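Sending over a structure as structure tokens; questions will come in a sec.
Read from first to last, the chains carry the letters A, B, C, D and E; within each, the first residue is number 1.
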Amino acid sequence: MFDVVLLISLLLLTLSILVGLYRVIKGPSMPDRVYALDLIGINMIALIAVFSIYMRSTAYLEAVLLLGILAFIGTVAFAKYIERGVAIERNDD
Amino acid sequence: MEILVSILVGILFTAGLYLVMARSLLRIVLGTAIIGHGALLLMLTTPGLQQGEPPITGGDAVSFSDPLPQALILTAIVINFATMGFFLVLAYRSYKELGTDDMDKLRGTEDD
Amino acid sequence: MTNIIILLLIIPLITGLVLIFFRNHLRLQRWTSLISLIINGIVAVVVIQHVHIQGTQTLNLGGWEPPFGIVIVADMLAMLLVLATIIVAITCLLYAFKTIGEERERFYFYTFFHFMLVGVMGSFLTGDLFNLFVFFEVMLLSSYVLISLGGGKRQLRESIKYVLVNIVSSMFFLVAIGYLYGITGTLNFAHMSMRIAEAGQDGLITTVAIFLMLVFALKAALLMYFWLPGPYGAPPMAISALFAALLTKVGIYAIFRMFSLVFYHQEGMTHQILAWLGIITMILGAIGAAAHWSLRKILAYNVVVAVGFMIAGFAIFTTTSMAGSVFYIVHDMLVKALLFILGGIMIGLTGTDKLREMSGMIRNHAALGWMFFIAALALAGVPPLSGFMGKLLVLHEAIGEGFYVIAAVGLITSLMVLYSVVKIFINGFWGENQLSVEDEKMSTKGTLLPCAILTVLVIGMGVGAEFVSPYIMQAAEVMSNPSLYIDAVMQITE
Amino acid sequence: MKANDVILQTVTKVVSFIILSFAAYLFFAGHHDPGGGFIGGLVTASALVLLFLAFDIRTISNGIPINYRLLVGIGLAVSTVTAVGSIVLGFPFLSHTFEYVDFPLFGEIELATSVLFELGVVLTVVGGTLTIILSISEDV
Amino acid sequence: MNVTTIEVIVSVLVLFGVILALISAFGLVRLPDVYTRSHAATKSATLGVLVTLTGAFMFFGLEEGFFSIRLVLGIVFVFLTAPVAGHLVCRAAYRSGVPLDKRTVQDDLEPILGTQEERQAENKERHRRPHS
């Protein structure tokens, strides 16, 4: 029973990732796509957590934090690029 | 499962080669990166995807998975990472230097 | 004794590393590079003597026994190529001192030079397929940096193509490694050869072998040489000479090793393909060399012709023909470096690489002209010089074994190669002298020394063929008898 | 008008320490568990990249004055020296050894020479990654 | 606690989190403009993943007796960063002049940062000369 619940959860998470993918493709604006990518990253964190419960293994848990870091840095870089036209500023003044 | 992953490898290779044939230099870089992922995935798949404990951590498991493909792939990832980094910098430098990222305009003539 | 083999790789590695920290001390960088290469050459000679007396030497890294660990194998073929590599490297380095320019020297030229040597020699010495890939990549990454270093517009443009071709072919190399590992379950050459000999080389393995052949053919510019002339013409000639002498040879060595040690059961299939690839490459390369009027292009196409000849000689697959190929590969490394350096001096003097715009240089530079003439004759295989022995052995075997096409094409392309090089000689050295000493763009001071070294070696290798041939024959012996190699690696003693 | 990044900068100050400690964990886990020098180096580099993103190149370069190109050299040197050290001591190249040592507070700890090798890898990866990223962003 | 009780608690937590994630994904598709979508993408998705991670943490902590520092760090990390990421993207959207939905009744920032057309033009200018 417990495993069935976990499987259903995995399925629903996959579905929400696919739905997010629709928003990535469709746009219409750049921030929309970034939001959708962020959502996909966060859903993947949840996916790994559920999957590691399903496998009864703690070997996957590093990936939780790692994906969180990557998603955050990616989103910040995108946001700064959209806003400023450059991701890393120089501050030459 | 191997068949599913093989199809995925095929898709990755197709997408990568399609991108490599594009005119924009950035797309070419991304295409090579995607081909790289396809090749690594294929290396993981060809010896057979095994069920079993990780070979180092589990002490009392019945079956272990083959540790060698992972070691090879880790090395290949490092190499791919270095190559991609260099290629990216090279593409960026030449975009700055030549003022275009269109491969058709990069064809060049005999004389210059 | 065993640890001495790894010195061959460690000395350039450490030299390259140390030079990172002395970025602005140009004189120190030059001398350190030269001294480390000379020491490495001495080590290589010692190892060759050792291998000559005691047979193939191996070293298990980290103390892991093969097939589980990484193994470094020094057999005669690999060691001969290593020694030739070091000689070529020394001469290219001497030439680079004068011509490469301070900006490149400051930007880690010597570091990447040494790293590339690590890659090249590692590829020769490694005993398993995956480390072949790793050393290939070390070599290629350094060559990417060298080819794009200090780049102008043209150099950047050509290096993009070079990098792209090599990255894609590396990916296919990985795919081939994956397939082979899936089929045989091992990556060690010797172990793989044993497994395939036990199970028989079926169609699947032959297919993978042909796939692997294509990968190496792309790296060695065998048939798929379309990428070669552009990038080899773009960087400074010191780097071009290094590339022409070393990089394609690594691909050829990989073909030699794989198809003599591992995939030797289906000769009718794989070696036939190799023979035809070699023949077509020779023809196309010779046409390219004869047709072009640009010095760099002619030299680049000459590289292609030599690749075709070596592979065709190997594909005949008798001990003598392989000896001829090994002889030719060593000769080719020396003579290509010589030709490229001489061409570099010519371009440096006149400021152009168009043959029609240069003439009469022999009046001011007699030594240069005669060295070029000797190199041209050696390239074509005129008797007392180094190219003769290799061509003779290969052609003799080709006729004896019934490969008449190889013999005919080999002879005709020799003539075309001779034509193309003599074309350079006539246009560059004969005729009216248009260039007074004051007009010249650079002086030949110091650059003739590496040429002289190489010329002496080219003549010496031809005249002293008696002295060289025992070593060559030993290399061919190991190639034609895989059990020698396997026993040495797996430490099987009768 | 000039935008201010006070929210991002405040969070970055906290988060970068989380990332760095995670990098240290990954680095030391590498001997028996998933992890190791390469991943540890990449995570360390990502922390530095986050700092560069939140502040700017000049502030961070003043705060952390490291020449990343030189870092690559130092890392490679450390790795090579540990590998060559085994030759000097008479073992085959790349041999490594380990020892269980009783520390007063932590109990028994395994000390392996391969950790030194991995340290070189970390330095190389951090240096290489940041060299790439900064050389793309620096000379616009 | 016996095993089944833990499983029930974990199931409830995981399902709740997953359903939240799904709802937020649908919100990302259904809502009209980028500012309303930001609610879906950051608030509910963050809550969803936090609840799911808590479920995983409880599972490993209670059933296997394994107190996973990595998961705690992960929870703290996501809790800290997800709102900041949402804030940054939303600000970038407004400053780069992404249009609001037609049904919007009030825009308090417009007097300060300029109209949508002005913002778009400014953003284009910034992209052309990145280091002004």
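One rule holds in what follows: a residue touches a chain if its C-beta (ideal position, glycine included) is under 8 Å from a C-beta of that chain, and two chains touch if they have at least 3 such contacts.
Since this is a predicted model, take the numbers as computed values, not measurements.
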| item | value |
| --- | --- |
| Which of B-D and D-E has more C-beta contact pairs | D-E |
| Centroid comparison with chain A (C-alpha atoms), farthest chain | C |
| Distance-maximising chain from chain D - centres being C-alpha averages | C |
| Chain occupying the most central position, where position means C-alpha average | B |
| Chain centre separation in whole Å, for chain D relative to chain B (CA means) | 24 |
| Euclidean distance of C-alpha centroids - chain A vs chain B, Å | 21 |
| Between chain D and chain C, distance of the C-alpha-averaged centres to the nearest whole Å | 38 |
| Distance from chain E to chain A - Cα centre to Cα centre, in angstrom | 10 |
| Touching two or more other chains - residues of chain D | 3, 8, 15, 22, 33-34, 140 |
| Overlap residues in chain B, where contacts from two or more other chains coincide | 54, 57, 82, 86 |
| Touching two or more other chains - residues of chain A | 59, 62, 65, 69, 72, 76, 80, 83-84, 86, 90, 92 |
| Residue ranges of chain A in contact with chain D within the complex | 59, 62, 65-66, 69-70, 72-73, 76-77, 80, 83-84, 86-92 |
| Residues of chain C defined as touching chain B within the complex | 130, 133-134, 137, 140-141, 144-145, 148, 151, 153-154, 156-160, 163-164, 167-168, 170-172, 174-175, 177-179, 181-182, 185, 187, 294 |
| Sites on chain E touched by chain A in the complex | 7, 10-11, 14-15, 17-19, 21-22, 24-26, 28-29, 34, 37-38, 41-42, 45-46, 48-49, 52-53, 55-56, 59-60, 64, 66, 68, 70-71, 73-74, 77-78, 81-82, 84-86, 88-93, 95-96, 98, 123, 126-131 |
| Chain D residues within the chain B interface of the complex | 32-34, 38, 128-129, 132, 135-136, 139 |
| Residues of chain B touching chain C in the complex | 20, 25, 28, 32, 35-36, 38-40, 42-48, 68-69, 72, 75-76, 79, 82-83, 86-87, 90-91, 93-94, 97-98, 106, 108, 110, 112 |
